[in-house]
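Input: one structure, supplied below.
Each chain gets a letter, A, B, C and D, in the order it is written, and its residues are counted from 1.
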Amino acid sequence: MFTKMEKTRVFRDPLYGYISVDYKIIADLIDTRELQRLRRIRQLAGVGQVFQTAEHSRFTHSLGAYHMANLVIHNVDGMDEVSDYDKMLLLIAALLHDVGHGPYSHAFESITKVSHEEYTVKLITSPNTEINKVLSVQPGLADDVASIIAHTGKFPLIEALVSSQLDVDRMDYLSRDAYMTGAAYGNIDYYRILRSLRIIDGQVYCKASGVNSVESFLMSRYHMYFQVYYHPTARSFEVVLEMIYRRIYDLHEKGYRFEAKIGTFIKVLNDPENLEAYIELDDSYVGGVIKQLVHSKDKVLSTLSKAFFNRHLFKVIDMDDEPDPELVEEIRRKYAEMPDGKYFIKDVQSSGRAYNHTTKLEDINTITVLLPSGKAKTLEQFSPIIKSLTTKSYKVINRIYYFEGYEG
Amino acid sequence: MFTKMEKTRVFRDPLYGYISVDYKIIADLIDTRELQRLRRIRQLAGVGQVFQTAEHSRFTHSLGAYHMANLVIHNVDGMDEVSDYDKMLLLIAALLHDVGHGPYSHAFESITKVSHEEYTVKLITSPNTEINKVLSVQPGLADDVASIIAHTGKFPLIEALVSSQLDVDRMDYLSRDAYMTGAAYGNIDYYRILRSLRIIDGQVYCKASGVNSVESFLMSRYHMYFQVYYHPTARSFEVVLEMIYRRIYDLHEKGYRFEAKIGTFIKVLNDPENLEAYIELDDSYVGGVIKQLVHSKDKVLSTLSKAFFNRHLFKVIDMDDEPDPELVEEIRRKYAEMPDGKYFIKDVQSSGRAYNHTTKLEDINTITVLLPSGKAKTLEQFSPIIKSLTTKSYKVINRIYYFEGYEG
Amino acid sequence: MFTKMEKTRVFRDPLYGYISVDYKIIADLIDTRELQRLRRIRQLAGVGQVFQTAEHSRFTHSLGAYHMANLVIHNVDGMDEVSDYDKMLLLIAALLHDVGHGPYSHAFESITKVSHEEYTVKLITSPNTEINKVLSVQPGLADDVASIIAHTGKFPLIEALVSSQLDVDRMDYLSRDAYMTGAAYGNIDYYRILRSLRIIDGQVYCKASGVNSVESFLMSRYHMYFQVYYHPTARSFEVVLEMIYRRIYDLHEKGYRFEAKIGTFIKVLNDPENLEAYIELDDSYVGGVIKQLVHSKDKVLSTLSKAFFNRHLFKVIDMDDEPDPELVEEIRRKYAEMPDGKYFIKDVQSSGRAYNHTTKLEDINTITVLLPSGKAKTLEQFSPIIKSLTTKSYKVINRIYYFEGYEG
Amino acid sequence: MFTKMEKTRVFRDPLYGYISVDYKIIADLIDTRELQRLRRIRQLAGVGQVFQTAEHSRFTHSLGAYHMANLVIHNVDGMDEVSDYDKMLLLIAALLHDVGHGPYSHAFESITKVSHEEYTVKLITSPNTEINKVLSVQPGLADDVASIIAHTGKFPLIEALVSSQLDVDRMDYLSRDAYMTGAAYGNIDYYRILRSLRIIDGQVYCKASGVNSVESFLMSRYHMYFQVYYHPTARSFEVVLEMIYRRIYDLHEKGYRFEAKIGTFIKVLNDPENLEAYIELDDSYVGGVIKQLVHSKDKVLSTLSKAFFNRHLFKVIDMDDEPDPELVEEIRRKYAEMPDGKYFIKDVQSSGRAYNHTTKLEDINTITVLLPSGKAKTLEQFSPIIKSLTTKSYKVINRIYYFEGYEG
């Protein structure tokens, strides 16, 4: 059904050695402009401002997720009973799962209210994209891939492998982000995890003997979140950006005439369905716009844009450090009373949906453990450590970000 | 007080690159026959039968612990207020902390009832050892080093750094055992840990901002225990050995005349104070003795020795797997009724003191966290994950090991 | 003379663990917009199109070279006799040595005829740059730093450490490029190299006992060049770019009115001294310009720009493969006869100055080996392997790049 | 023909992650006492005295060579045309190639004049070994495996893959020894090498495009030899041992009655065909014997044995350092005149056959390079770097080892 190329295409990768592409459809998808565009969008957005070596793009992660899907196909017990079509869905969905990401997605989504998953679906199903053209070799294929991204439940096994508590996406990005930042925590024994999994009647189980490797994976994830993804300065950078986006949005609503060439941006704000405009957006576009806005006559916009460029970021108060309540109150009052003060203070709770990488950690218990006796337990029942990650006492970071040096 | 050598002595090490020795006293201790003897005792004993590449000796670990002590001295906040004498105690105690280990110590200790720490103290303080001669350059030094090993409380800070929940011993062995086995779990960011510590008034604190690195360290430890140190086959190997030791001991008590040359062994059983005999014991001595005992007329001894050599180990039932209770009962009854059946079955609970590497995980809460406000909390109060490791629900492995194919 | 900061600033780095900055002047230089701009210029330019994970910027390499300089200061024998001022020159020159690089420098330099080193000097000495302002804390400092970049010979030792056959620049970039591409060849034992060096009377020697580590370093370099930097496809990408630059230049000379906004580019072509314009140039600026030129009415420009974007690169003939001479002649004739054919074929000889990273490999013999007897030899005299790299028979790659599918 | 086991047996390995054994015959061979004995013989013999972390055994290397053979089978172009029987020969020969090694083989061979390869052949073909029993499942198999070890030319392709300039033996040991010593030089891109090879009509070619990876491999080998295997202190240790062996041999010839229990040793000296005795020899046996000989009444033996144990090794003069010729002459004269002086001085030339790991580097040119045009060249013709390794000017180490402090 799917053609293999005469010559395997090979990508060098420092994590895996080599990534091989055998199918023509995969090679063609890699060459689409929508996927190539991910070369210009950094995987870690604001985090890269703190971990300065983490300069890798969403493109390399996408190839990595594809490779991990390939490893799943060749190493997980029970995959031989999955149909060739479903295996191809897995490879394609893994490769495309992040294609809808915009630059600094999290901040962007907070104002457009369109998630990157929705854009991924659009880019797959819209008849004008190169991706859609490639997928059209097989009727229904584009819709089936999109259904996996959208979690419709049509292909529950493939959905689980692409996006769940233990999926090809996370297995690649935790390893890769650790490799690129130099954090020691993301060292995942993915091969052992794959060997611990078992597919029975279309459901993924973890053998009891392999639970430790899954515990270790989830702990790596936990540590990467608190050490890297939720790093206070990294988040501060994203808060500034979100405020800039929000101010642009509000000014645009009021009919403000911007001093910068931000047409593409406005097009997307006006019509989120404008995919042509959307895929023009990348890190350097956003960087260029903000560079111009430093000179805006709107004081809020120029202040925030300068803050972004000079790395004069928002200050942070971590509630876990038990700060002086009066001081906190005073800060809150100051911004509440200031006109436009709302652009200069923000409460951020990091956990759950706090970061666009995250899915709810509470769902961890959806991993099912298979005992030698044949009985099954949830991971939470089986592992007290995992239980500790799912309880109320589970660590949540509450921070106040505020800008010092703006007096309205 | 302590002489530096003209030329630094350098040991290559794959974990650290290079280990440097500047002080003559350290170089002289390394050259003593008591420490050199550790080259012939493998760090992981029975575990090396399962993880076959883990062939490293206690000697390389001892050098590693010394190096880690050196890193502590040069990297931990507040170490500049520690006296030169105390720093030297730290270096020496780290280097010598394992010198009393015998071959397959855990099994050995179970019959002699003398711990390896006690032997370490003896080898440091007995006037006939080379170690004692080296230490005698400074009056009182040997006793002070011994007091640290014996946990007398005379040098509480140095004791804590050498042996506590977070010490130079563990930081080296977790990293090294992981490197040697290929387990991904022991990848410890020790440099970050060192930078997270702070010594105030002779007590070790962990800064709140560094708690994640300590959590990660403790989780690595947890995983190394359950994946590597408590591996069922590795433990089985040690159970066989313990049974051999026990049988030798019982036969010796009854005046049995052994068919093998086990004089040195008997000397130690008769007089645990016989250090000359004790330091003759090493892995190959034990191997040689058991090889001979394969031909013993005592059926218990020959059966167990054959089992050891042919890797025909004890079978394992893991109670977590919820085995059929009747089957378990039947096995227990069989060995209870069999003469000498006690040598062929053993209940093993892995946790707490189960393995000689371990100290009580319950003590984890002795690490104190320093908040930015200056307040302190126990690690357990601060971190729900660590709390989960200390509660009753904490994972304990209950296993029954028994030998199949012996009918009395 | 130079102020230390109260708190060391620390950068995480996957190669070195941590990079520490103690001096305020270094921290201030890192924060200048000229150095921050390097975040937007990729280290490997066209090579990154082939080794897709090599997405790192010149910024991370600059920090790495600074760190390597710091290691030199603390590890090389004889550095204690170097003055504090000269040590600071070393740190600063290492940090700034690449600051003049433009986007895809090699192609760019081929038309402007201004080298990136010249731009580095300008950015250091021009009174309008942030770098110059930071350096002005100490009279004469900017000129002294510039003199090292320009190889005037005023500080011969520092020049040798920053840029010679064995310098902090190469030690970082070979390691880093290998880490990022996944090539196994750049694994340099830099610590051992540093320990092999010895400074006597302001000259760098390599002890005979350490020559192997230098041989290994030079071989790593050799392999990185032939495997990575001279990769045929990577070079092809740069050839396309060079042709685009050249066509723009030629059209501009003729007064062509470009269909794209390329004002900044033209400013630099008109006046290479326009630093304000020059530092606006970065990878995404160039990418943006070329994207627009796809629609140019000039057929040469639109053809080449499309080739660049669609990765429809020039074909390569490697003369080492002993191609059919008639075929080669036919290709040459075709483009010679075609109007504007010169934009579509190019002979490339890779060796010597072929790549902007390179310095002449023939100069390798400038490393001097110190024998235990006190005598000195050139490395070439000492090592037959190195001799083989310097002789005429030394490998040179001769390739013809040509574009298929343009018929004039 | 060869049975697969129901369950793959998996060995963890830090270099490869996992080593898989599918065939019963391989698993059975691993369990033989002859192969298990290699656990007690260290791979690096005297080198381990200098690189103290290199404590790995010949057993782990043997598994590694088997694994590399498996990688060859699954990755090298053209292996699909090799018969299943020949593939099995490759796996078995790789696994068993070192089984004849004795403890500190090199020194041992110098007196018995029986090479370890000859012992390997004997252990495979003698009807009393466990290996022979396992191989007897298939008539002729043992002889065929032995023919590969003995280089009879019956299976030229398999011989080349097991033992040539570029074979599974070297690919494992260079990587492994580097991993264990921490030397940076052995970092071999073996996967890329495998992909560069191509088998045509039973001969191994290297594609021109992959020559760099082979150059890199050969340079790694070169560096490992000069940095690790030929390390002057490591070789000194082996010289002492060789002298002990030689003195024992000479005394035995004269009918000396040894003060130590060295019966097994003598049995082998008397009858090299005594395999039962031979396989009793291992590192700890040799260590035990020498420990006893410290107290020998023969002064030569006691002096050398003490030297061995106290690491009071032979001094080294490296002729490359251009030592004072008179001094050299004086030393030579002293030992020439001393009775038994021949046991205390030795000229060692390190290159070619100098070390038992080595084969003649001059044979490097046997690797054949396949050009894209279909023509072939020797590697030497193709690569000037390799040519430099094969010429007369190629580095040879000439050293004089002599013992200080013995006056006859």
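Keep this in mind: a contact is a pair of C-beta atoms (placed from the backbone, for glycine too) under 8 Å apart; a residue touches a chain by one contact, two chains touch by 3 or more.
Quantities reported herein were computed from a predicted structural model and do not represent experimental measurements.
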A-D against A-B, pair bridged by the larger set of C-beta contacts: A-B
Farthest chain relative to chain B (centres taken as mean CA coordinates): C
Distance from the mean Cα position of chain C to that of chain A, given in whole angstrom: 33
Length of the line joining the C-alpha centres of chain A and chain D, rounded to whole Å: 51
Inter-centroid spacing, chain B versus chain A (mean Cα positions, whole Å): 43
Set of chain C residues in contact with two or more other chains: 17, 183
Residues of chain A touching chain B in the complex: 183-185, 187-189, 192, 208, 212-213, 215-216, 219, 222-223, 226-227, 318, 320-323, 371-373, 375, 383-385, 387-389, 391, 393-395
In the complex, chain C residues that touch chain A: 11-15, 17, 31, 39-40, 51-53, 55-57, 59-60, 63, 179-183, 282-285, 287-288, 311
Residues on chain B engaged by chain C in the complex (per definition of touch): 17-18, 191
